[in-house]
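First subunit A sits with subunit B, and in the next complex the same chain sits with subunit C.
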Partner chain A sequence: MPSSEPIELTSLDLARCRSWPYSQDHCVTCGLCASSCPVSGVDGFDPRKLIRLISLGLDEAAAESRWPWICTLCGKCENACPMEIDIADAVRRVRSLRDRDQVPGILQQGLEAALEAGNNLRLPTEDFIFIIEDVAEEVAEEPGFEGFTAPIDKKGARLLTTIHNKLVNTHTEDLKHWWKIFHAAGEDWTISSVNWEGTSWGYFTGDDRAIKTMAGRIVEQMETLSINTLLWPE
Partner chain B sequence: MEKYNFVTVFDLLIDYIKSGRIRLDKNRFPQRACYHDPCNYGRRAQRRFGRGFFEEPRWILDQCMNDWVDLHPNRMDQVCCGGGGGALTTGYNEERIFYGRRKMEQIKAAGAQMVVIPCHSCHGQLNNIKTEYAMEDLEVKYLWELVADCMVLS
Partner chain C sequence: MTEKRVLIIGGGVAGLTTALELTRFGIESDIVEKSPFAGGHGIQFACKATDRCVKCGACVVEEKLRDVCAHPGIRLLAATEVMSIEKKSRFSVTLRRSPVSIDPAACNDCGACFTACPEGAVQQGFSAAHNPFYGAMEDRCSRSSGGSSCTICRDACPQQAISFSPEPAVEETAADAVIAAYGFTPFAPIDKPYGYGMFDDVVTNLELERMLRRKGLPLRPSNNALPEKIAFIQCVGSRDAKRGHLWCSKICCGSALRLAGLIRHRHPQIEATVFYIDIQTFGKDFDTVYPKYQEDLRFVRAIPADVLAADDGGLKVVYAADGTHESREEEFDLVSLSVGITPCTGAEKTLSALGIDQPENGFSGASRDPGVFLAGAATGPMSIAESVADAGRAAIEAAAYLAQ
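Up next is the complex of A and B:
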């Protein structure tokens, strides 16, 4: 982190807090955000420091640090902030400044899979359908759910639901809860065989365009299947 | 956007319950439960969209259980579970587990054997860290899982 280097004024981004330009400059350094944050002190992080970095135009230093990723975007800091600075939003913007190959963990990998293959797991459609049908058969064996099926690509259904990728991966048992409720309620529902992914990791990586692409695909599926109501439990 | 209708998990469950499309037995889970407000359904939705979902899940819990309590603090002041913002996937696990200590303290103080949650990230995080805090017996339950388990089938 540069200490005695002069600050390059051209690097100041006055709109880093997008919903309110200059917002970061209203920071009164009171420290309420730092006190409210559950991970203040971890790796030297606290929200106030991050806002000060942005305010000073040291965005790059902020983006290179682990701080924006230790933060969970929970918003306790901005809830406490007397100047109403959108701190969590700013953190997300700083995340977006990282080179995409420097995004930590499996986030970018999962997001790229989703953009290319329609879901974070790159699960082929036939495997997806196999899993759905297999779990549906298990539900149908339970008392009270005789004859249960999970409708895939049902045109004109009332309700489309998205799926969290972990439910067709390691947590298939958890697919059953909503399905049982739909069955008992006599809901006319369906799942899409493509672009069914409900998680949107662009939210975590700071990639607004990816979020828009993925949401757009869900709407496309609603259009293709003539469905006007969406449940997006993720 | 007029063309499309979006329902939240809360709207849909409340609709099914109020219209009588599903019936619930609230005596199946006698243990004490607590409710955790996920940041994005609560505090952040309130700030971003002027509409946080605080009372809806609590109403649903009232239909499912006799003994559930709120954590302290709650609603706008609720403490994050530590699994938000992609924390379960960044690989910063030590930080994430440390983050969760406040949530576990809240749950312990509430004397709850079950925590009910309407969020996949919170669910994953609490199930993942409960052993770290010697709370292996804590049942981590999705709100819709609780509803499904309370349904009276005809």
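Up next is the complex of A and C:
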């Protein structure tokens, strides 16, 4: 929706989004959100406009627009907002209003993969284990890390850590930093061989049920492995 | 009724006006002002007339101060605070005078003390009615804060006008009614992301007012040169739920526009940009000046998110551009923050002794004591004109009470 296009005011309904708990009605359109936003101006996006749409009850217009998907949910706007409006949460709510087949492809496909296969990449367990062991061997070759192994499915470990899918895809080097810290600290840690995905794209698509499923699986792993502490670096 | 006496707490425009209005009823008063310079914030403001008067009200404060100083029925006690106050049959009041005093009869305003003080504790007044023109700020003076025995200002004075008392002088007085006109505290923009206190060329609108009053020029503090581009950032500390300041401070739009208009009138080469939410046109006179400012100034309808240092010593202001809405950086060389009016701090003990309610927003409500009256910005944001009107109302109410 380009900023110059007029909005159909007949659909304006101030009561419509009143139950939304984001304090959107407190907006004084000061623009601190837009001034601090890294993507303000992309396709005419301005957080002020989205907040204004929902405070006027034009949630459908907001859902149809591209703006909620231009937003990166970084939260700088919320930090800047003097009226304590939960802007990023409101954006997520607007995302949730779209039919799932209207959610931008890559996000929805990743989420569907995660729900079906346990991770966004549909990476089979044996491949996952192979990658983890391979990277662990590389760490063990470095001075000071002789004998290093990455414990998988270790029952009763103190700490369970999730994995961002890019760390077993394009960024395997980044696994090593965590592991070296664990090693140096003498941490008793482990990774789960299934449902290890730490990235919850339900958050980005506005799918609360998916978020609950993904989080539930992690909790299930903690229970299965008798682990009380979770490191969820997302 | 001439035996009745009123204590006025606060020597800003509201306090001064109340004292003058009370004299119409033959009522004498003591004005107690904690700063060495009476006149409050208003006396620090520059006249902002261009080719015509823009009704800023600065001259009104000057006039009130002169009239008060000249009136035999008003005692103006500067550098004085109320230490305690108690209602018996009358109000009995203990006043505390500053331990550093400059005798107005001996002082010839030469400024030797001002030049000599290594702490910047001796400051200049703002008006010819400030007599003496120099005063010691207790909070900066090492004799008060650090317990030192520094005598530099006294030694520098060729008139032997400066004296120190070992303990602050205490004076007992009595009053039949009290006017609480202790004004407001400007918002301190320290934790706003505008680099105030970090960058020399980020100033508050009040500092810009003082600069224009004293020097007549809007100079960059970093190099004392005229700026090429000035940014005015509105609503700094006002309309801000995070700080519990939900109110509009009412005066800042008028203040910033008049300041910018004055600067552009005197220095047409200086560009002035106002970053604003919406222009609050309080007061019946605003329409007479606003159209000219709309033509003459640049307006951007967004409050900036950041002020950053630029490589060449300038300041980069980060804001959402009108039209495109993109967040962009633009360089300015002076930034004026229009700071909000916030409740007066430091007077809590006196307020409580006077039975004055403090509603949630921190401004003063009414007093439970029928002999206590509130006037001016102590009760909420007010312009000079509104403070004068409110002070008139308080004086009439006080006079009616005393006539009972």
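What to note about this one:
One rule holds for everything that comes next: the second predicted complex is superposed on the first by the 211 of 234 C-alpha atoms of A that agree within 3 Å, B and C clash if a C-alpha of one lies under 4 Å from a C-alpha of the other, contacts with A are read in each partner's own complex, and residues count from 1 in each chain.
FYI, contacts are C-beta pairs under 8 Å (C-beta built on N, C-alpha and C of every residue); 3 or more make two chains touch, one makes a residue touch a chain.
What you see is a predicted model; the values in this text were computed from it and never measured.
Clash-free side-by-side placement of subunit B and subunit C is the outcome of superposition onto subunit A.
In the superposition on chain A, A:P104 makes contact with subunit B only, not with subunit C. In the superposed model, A:P233 lies in contact with subunit B only, and not with subunit C. Contact with subunit B, but none with subunit C, is seen for A:C71 once the two complexes are overlaid on the shared chain. Of the two partners, subunit B and subunit C, it is B that touches more residues of subunit A.
Of the two partner chains, subunit C is the only one that A:P82 touches; subunit B does not reach it. Of the two partner chains, subunit C is the only one that A:T29 touches; subunit B does not reach it.
Here the vertex is the CA centre of subunit A, and the angle it makes with the centres of subunit B and subunit C is 60 degrees, a multiple of 10.
Looking at the shared chain after the overlay, A:E133 reaches neither subunit B nor subunit C.
Residue contacts after overlaying the shared chain place A:S40 against subunit C, while subunit B stays out of touching range. For the three-chain overlay built from the shared chain A, the minimum Cα spacing from subunit B to subunit C equals 6 Å. Note: residues 38, 42, 76 of subunit A belong to the subunit B contact set and to the subunit C contact set alike, using the contact criterion stated above.
Across the complex, subunit C is touched by residues 3, 26, 28-32, 34-38, 40-42, 44-46, 49, 76, 80-84 of subunit A.
Considering their complex, residues 193, 235, 239-243, 277-278, 301-306, 318-321, 324-328 of subunit C touch subunit A. Chain contact summary for the complex, subunit B toward subunit A: residues 3-7, 9, 12-13, 16, 21-22, 39, 43-44, 47, 76-77, 79-80, 82-87, 89-92, 95, 98-99, 101-102, 120, 124, 142, 144-145, 147-149, 151, 153. Looking at the complex, you find that subunit A touches subunit B at residues 38-39, 42-43, 66, 69-76, 78-79, 88, 104-107, 110, 143-145, 159, 164, 166, 174, 176-178, 180-181, 184-187, 199, 201, 203-205, 219, 222, 228-234.
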